[in-house]
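Two complexes, one shared chain (chain A), two partners (chain B, chain C).
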Partner chain A sequence: MEGWDPNTKSTLTQIPLLTTKAGPRDGAVWTQRLKEEYKSLIAYTQMNKSNDNDWFRISASNPEGTRWTGKCWYVHNLLKYEFDLQFDIPVTYPSTAPELELPQLDGKTQKMYRGGKICLTVHFKPLWAKNCPRFGIAHALCLGLAPWLAAEVPILVDSGMIKHKDDATTSTET
Partner chain B sequence: MEVELKEMLHDLESLKQSLPDPSHRASIDKLRLRVEQLTSLEKSGPAQRLKVKDMSAEVVDSNPYSRLMALQRMGIVENYERIREFSVAIVGIGGVGSVAAEMLTRCGIGRLLLYDYDKVELANMNRLFFRPEQVNMTKTDAAVQTLSDINPDVVLESYTMNITTVQGFETFVSSLKNKSFRPNKEGSGVDLVLSCVDNYEARMAVNQACNEMNQTWMESGVSEDAVSGHIQLLIPGETACFACAPPLVVASGIDERTLKREGVCAASLPTTMGVVAGLLVQNTLKFLLNFGQVSPYLGYNSLKDYFPTMEMKPNPQCSNVACLERQQEYIVAKPARDAALKAKMEAEALLVPDCPLHADNEWSISVVDDSGLDSMDAASSDTLPEGLVRELPSADKSQELPTSEAPLTSNDDLEDLRRQLEALNS
Partner chain C sequence: MDDELLELQRQFESAQQAKSSIRLSERNVVELVQKLHELHIIDFDLLHTVSGKEYITPEQLRHEMVVEIKKLGRVSLIDLADTTGVDLYYVESQAQHVVSDDPGLMLFQGEIISQSYWDSMAEEINDRLQECSQIALAEIATQLNVGSEMVTSVLEPRLGTLVKGRLEGGQLYTPAYVARVSAMVRGSARGITVPTNLSAVWSSLQQQLHEMDGASGVAIDGSFFQSLFNGIVKEGEVLGSLRAGVHWTPNVFAIAQKECVDSFFSQNSFISYENLNKLGISQPVQFLQSRYPEGVPLVSVFVHPSMIEMLDAATEDALERGSWIDSLSVLPASFGPQDAFKIMSLCPSVQLALKSNKALIFGESYVFSNGFVKVVYDQMEKELEHFSVSGSSGIIPSDDSQFVNAAKAGHDSNRSIESFDAGSESGKSKQAVEKGPKKRKGKSAGNAGAPESVSDNQEYVPTKSKKNQRKGKDTSSLQVSDSKTGAKKESVRAKEDNLSIPSEEWVMQKILMLVPDFEEQGVDDPKTILRPLANHLRPMLINSLKARRKAVFTENADRIKRLLDNLQRKLDESFLNLQLYERALDLFEDDQSTSVILHRHLLRTAAASILDTLLHNLDIHNKLKNGIEVEEAQNSESVSLSPGERTAIAKSFPGSLSNKALAVVDALEGKRVETFMDAFREIVEESGLLLKKLDKKLERTLLHSYRKDLTSQVSAETDPVSLLAKVVSLLYIQVHHKALQAPGRAISVAVSRLKDKLDDSACKILTDYQTATVTLLALISAATGDEEDCSSDRILTRRELLENQMPALKGLVLSASQS
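Coming up: the complex of A and B.
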């Protein structure tokens, strides 16, 4: 965890860790894991809200809890940039992390694989591997997606690759 | 050609209109039909060669298999034609997988199962196999198009899907189990699975499926900086599975800091990918046709032209449950395996003249079996030969939390938790 900012570190220590090692094909044990995922997501969301650092919405879009969809946003120069967020829980979860996707940014940055999967190889995958099965979805968002947004959104905005939604509408009006 | 045929149709039509005598109309219609047939033939592309019933060793220009069958005459392969009985599944039809598929197709493999969810892009043109006019086709469709032209004898099945999702994985497993190609084959419906994917998640999914099915497979990979690669043979229970230890990568052998990695997620070269595909298919042919030595692991460092090899025993503490089951079965089957080996040795011994290898043994030197259980410890897979490093760390157990809390919280209701998160989301 060297090189991480103290804020992320202290937030991370407060996200409840998970104990059940189970994937979506493991039946009842997966339900147990899913409960732990919910608890740690609830705790993380509450913590973000109370620290005035709310930055995502995520919910399971199927009853099995294998597909998740929602939104995430990042504030840059006092403007809020919001993106769709989606991912599947892989069959080999939690040995492998979910591949977080921002489909609207597909093809707009090099730090991304096909289909809008953000590149997590260097900054996140080793941490996930080391902390299996204690890390869950909330940890993936905190250590995978948050730093990616912080690094990429300013570059995307400054290079004109993405526009703020108000800018986009005014430019079409004029 | 197509334009000319179209003009001819047009001319026929005007001829038909201008003819006062209706008695010729029937023959003009007949002519028109034939031109239309020609047009559709033209559209279906250049004529394919016909299927071949038996592989012939006859050396003539028109025999697609003469140079392969010559392997028998040279004493390399005992029975080359067996290749037509084999089914190989290739997961990932990218820079390595597509080339491997072409190699096996040209070798006359019986059946190929192709898995990929991606489309062909112009950005793929720095690699082999795909052509610019195939851009936007799925990689599986484009591959079937090219491969069936090259060799119509090969049975091709394509699956356009992501095997890491729950649904994709189920389809993947059931397609491997399908035995309609050779109903009396033992085990699964395929002889070998080749993993040619570009990410850890998909490799772990292949590993999971093969461990569960007790299916032998080969893994291949090219580094993100495009200068090194590897192939690995995985026999569930017998060799290390992909989850037994963190994946190995071939160290570049030069100062890592001098390698630029910023900006781009992955680089690729047709050369490195072609070399790795060649190594992979060579190992596949040796495995299927039973010649030479099948490599358990072969690395390729292109910067130093260094090829490390090694063997990896399975980890008795592997995190994959199916791997542990296969390991147990392998241990249980040891006496039978030893007996079979002994019988084979004895059969071979009958062929050589019966005399002692060494008449006296002054120092009581004896050969001991070192492939037993005692050497199967986790440490054995921790020592790596020079030039190989681990890609990811192992899960550390030192921070294991007290789990006294778990039983208390386990009777929470999933629906209730879901509602709580939804309330926070609104």
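Coming up: the complex of A and C.
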């Protein structure tokens, strides 16, 4: 579990674990798995809210629940930078972790694969593999996206790659 | 899509839509609070918790503290600081507020304690007390972890209500227990009939309780008993009086005491303090005086005035009869001599008599009328006259010190006699011959040392004189007083030690003889009265003795003078002769045996006679000085004493004179004339006489007269034997100008010495005559005394032969003397 800051770790441990090992093609069992995913997400969201650390909105964009879209944001220097978030549940899920995409930042940073898929730390995969099938979407967000945002947004802002939307408007205006 | 999934979707949606709670950082909050303070929105004190993460208002803190206190009723501030998480300082300051607001709370040694706590504790204590019947406060205090004073202050208001018991001397007792102990105290107090120290009683009670309770019993303090006792006394359950808190005198005792004193005093009209002491009255005089104001306190008894009246009557009677009385014989047996003295001084008749010198008090209890004393004194004085000497020991009058001093200083004896005359003139002309029975020693010496002063005291204060007397016996104190009076007085006193004055014992004896009453009347120890009486009489007697002696001196002075003159004359003459003879001895110094013979001869003859004269005269002188009558007629010229007599006389001389005299007597027995001469000179000097030295001129005149004397003797001499000695002496004078005194045995040597000084014919005559004399003497000594043998004839023939030769011999010296 090394490689993450203690805050992340404590949060991670509080997210309820899943039990059902099922992929999108497993029919009813997948539904079961999806329910667990929802419960875990609810718990994680509530936890974030109660800690005044709410940072994303997502929802399943298809009834099967294999594609998820939403928004995520990060506050830097009292400015809120918000990005679109989307990802698919891979067929081999839960053995394979979902690939989180921030399409707005595609090409703006090196820590990203083509198509806006974020690069995760070397520690992520083994941890995920080890905890399969107990980790779900909530865990992926907590372990993957949250640290990535915390690391990359300040650099991107400072390098001027991204601008706050107010600044953007003012700058366009000017 | 089942419902559950939909439901979950919806829930997730709503969860995401829910407003997120807003979180502020601590820093922000602190800043906010500061801002609020600045803006005076918060206008009261805020306190921090120890962790620094919380603010708390004083009201809240107080509230929390009160809650905490109510839980147990007793909380320490430190615990409060822990539970509230606020610094102890604020807790303490708030605790003050809390305690001052609520009268049911108290702050005690860093703890807040509520009254309810004490109530519950009191209940607990009460439970235990009822079980054990007694608890020590200290025990409770240690149990509650508070001071015992605190416990006392808390328990006191609850005694009798919550705690059913009694607090006494650091102990709690149940009423039953108190009742039991107080019953014990009452019992013991009632049992006491004599004055008692209560603490002793309490300790015995303690012992009893301890035995009853066994080891579990708590030691009860004496003060508990004392307070119970005080209560009992106050209620009048026991009667008596308490002094100094612990001395209990029961009423019954006081009553008995008073009755006893009353009955004794009214029956006997006196009571001794000793009796009162036995009855337990420690200050008898005050007690009696307060009870019988008319009574008179004496040294050891307390008397009713009637007693004085009785004694007064008795003494008055005795005084009127001119007799004496022992007041002790009149008074009850328990009166001491001091009491008697004091009571007598209170008798009007005695006072009157003393004032008018009609009575004397001796030995503290004896009253003598002056008439009686006078009669005794007169008789005593008469007695003194018949008083005879015993022993020939040297007796010197008391005031001869002048003489001794004068003699010591080498003054002429005449002078000393003069001083005697002067002294005796002042004396009264009473006649008395004093003859001391023996040398005074020890005891009486001190008294005689200062007879005058003692007599002054003795007149009216016999006690003092007694003391003086005792002091006098103590030689050390005597010496102390001596050393103070200085060297001169010391020597006087030393001399006076040798005085012979009637001793106290002697006077007492005499009084007893004169007044046999003293013994008959059953006086236990006649000395108690005789001694003071004797002390009173003695100085007067001594004075009269002295006066008499002085008179004798005046009479004897002339005789002494004559005697001494006579002696001096005799001494001069014979001593010069002795010296003359001594010179002649020098001739024979080389011949040892002859010299010894000659020395001895001289000592036996001339020296002995001169010494005897001296000793005899000195003896007479001595006696005269002491006022002893000496027969005048005994002044014969020729006194010859035996060696024993000489020693006796020598010993009878006073002091150093005696030593010198003994030395000279010894020297007389020796072999050397020189030693005798030295000793003789010393004794003569000591006795204040003078010796003439032989000088050339004197020697010549003496020799001349001696020669003339001898010549005439020789010419008149008819006895052939004694002629030889004289002729030889004469020849020595002629030849050597020395006066030889030679005994018969030394004649031959003397003759042989003359040989070379005389011409042959004279020498032959002398030798022949000498040999003839020797043969004659030998014959005479050999003669048996019987008539029948022929020795008498031969003596006769020899004598005739000698007589024939006599003229030749006479011619030898007579012619030489004329030439």
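In this text, the second predicted complex is superposed on the first by the 171 of 174 C-alpha atoms of A that agree within 3 Å, B and C clash if a C-alpha of one lies under 4 Å from a C-alpha of the other, contacts with A are read in each partner's own complex, and residues count from 1 in each chain.
Throughout what follows, a contact is a pair of C-beta atoms (placed from the backbone, for glycine too) under 8 Å apart; a residue touches a chain by one contact, two chains touch by 3 or more.
Since the model is a prediction, treat every value here as computed from it, not as a measurement.
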(message) With the two structures overlaid on chain A, would chain B and chain C clash, or do they fit side by side?
(response) clash
(message) Output check: A:164 vs chain B and chain C. Expected answer is one of first, second, both, neither. What do you get?
(response) neither
(request) Based on the superposed arrangement, let me know which partner A:60 touches: chain B (first), chain C (second), both, or neither? (result) both
(message) After the superposition on A, what does A:34 contact: first (chain B), second (chain C), both or neither?
(response) both
(request) May I ask you to decide whether A:46 touches chain B, chain C, both, or neither, giving the answer as first, second, both or neither? (result) both
(message) Which chain, chain B or chain C, ends up touching more residues of chain A in the combined arrangement?
(response) B
(request) Using the touch definition from the top, say if A:130 reaches chain B (first), chain C (second), both or neither. (result) first
(request) With the two complexes superposed on chain A, say which partner A:119 touches: chain B (first), chain C (second), both, or neither. (result) first
(message) Taking the superposition on A as described, I'd like to know which of chain B and chain C A:19 touches: first, second, both or neither.
(response) first
(message) Among the options 1-9, 181-189 or 433-441, identify the stretch of chain C whose C-alpha atoms clash with chain B after superposing on A.
(response) 1-9
(request) Would you mind listing the overlap between the chain B footprint and the chain C footprint on chain A? (result) 31, 34-35, 38-39, 41-42, 45-46, 49, 57-60
(request) Would you tell me which residues of chain A are touching chain C in their complex? (result) 31, 34-35, 38-39, 41-42, 45-46, 48-54, 57-60, 63, 65
(message) Looking at the complex, which residues from chain A come into contact with chain B?
(response) 17, 19-21, 24-25, 31-32, 34-35, 38-39, 41-42, 45-46, 49, 57-60, 64, 66, 70, 88-92, 95-97, 99, 110-114, 119, 121-122, 125-126, 129-134
(request) Could you please specify the touching residues of chain C with respect to chain A in the complex? (result) 1-2, 4-5, 8-9, 11-13, 15-16, 18-23
(request) Can you check the complex and tell me which residues of chain B touch chain A? (result) 118, 162, 164-166, 169, 199-201, 204-205, 207-208, 224, 243, 246, 261, 263-265, 319-320, 392-396, 399, 401, 403, 406, 409-410, 412, 414, 417-418, 420-422, 424-425
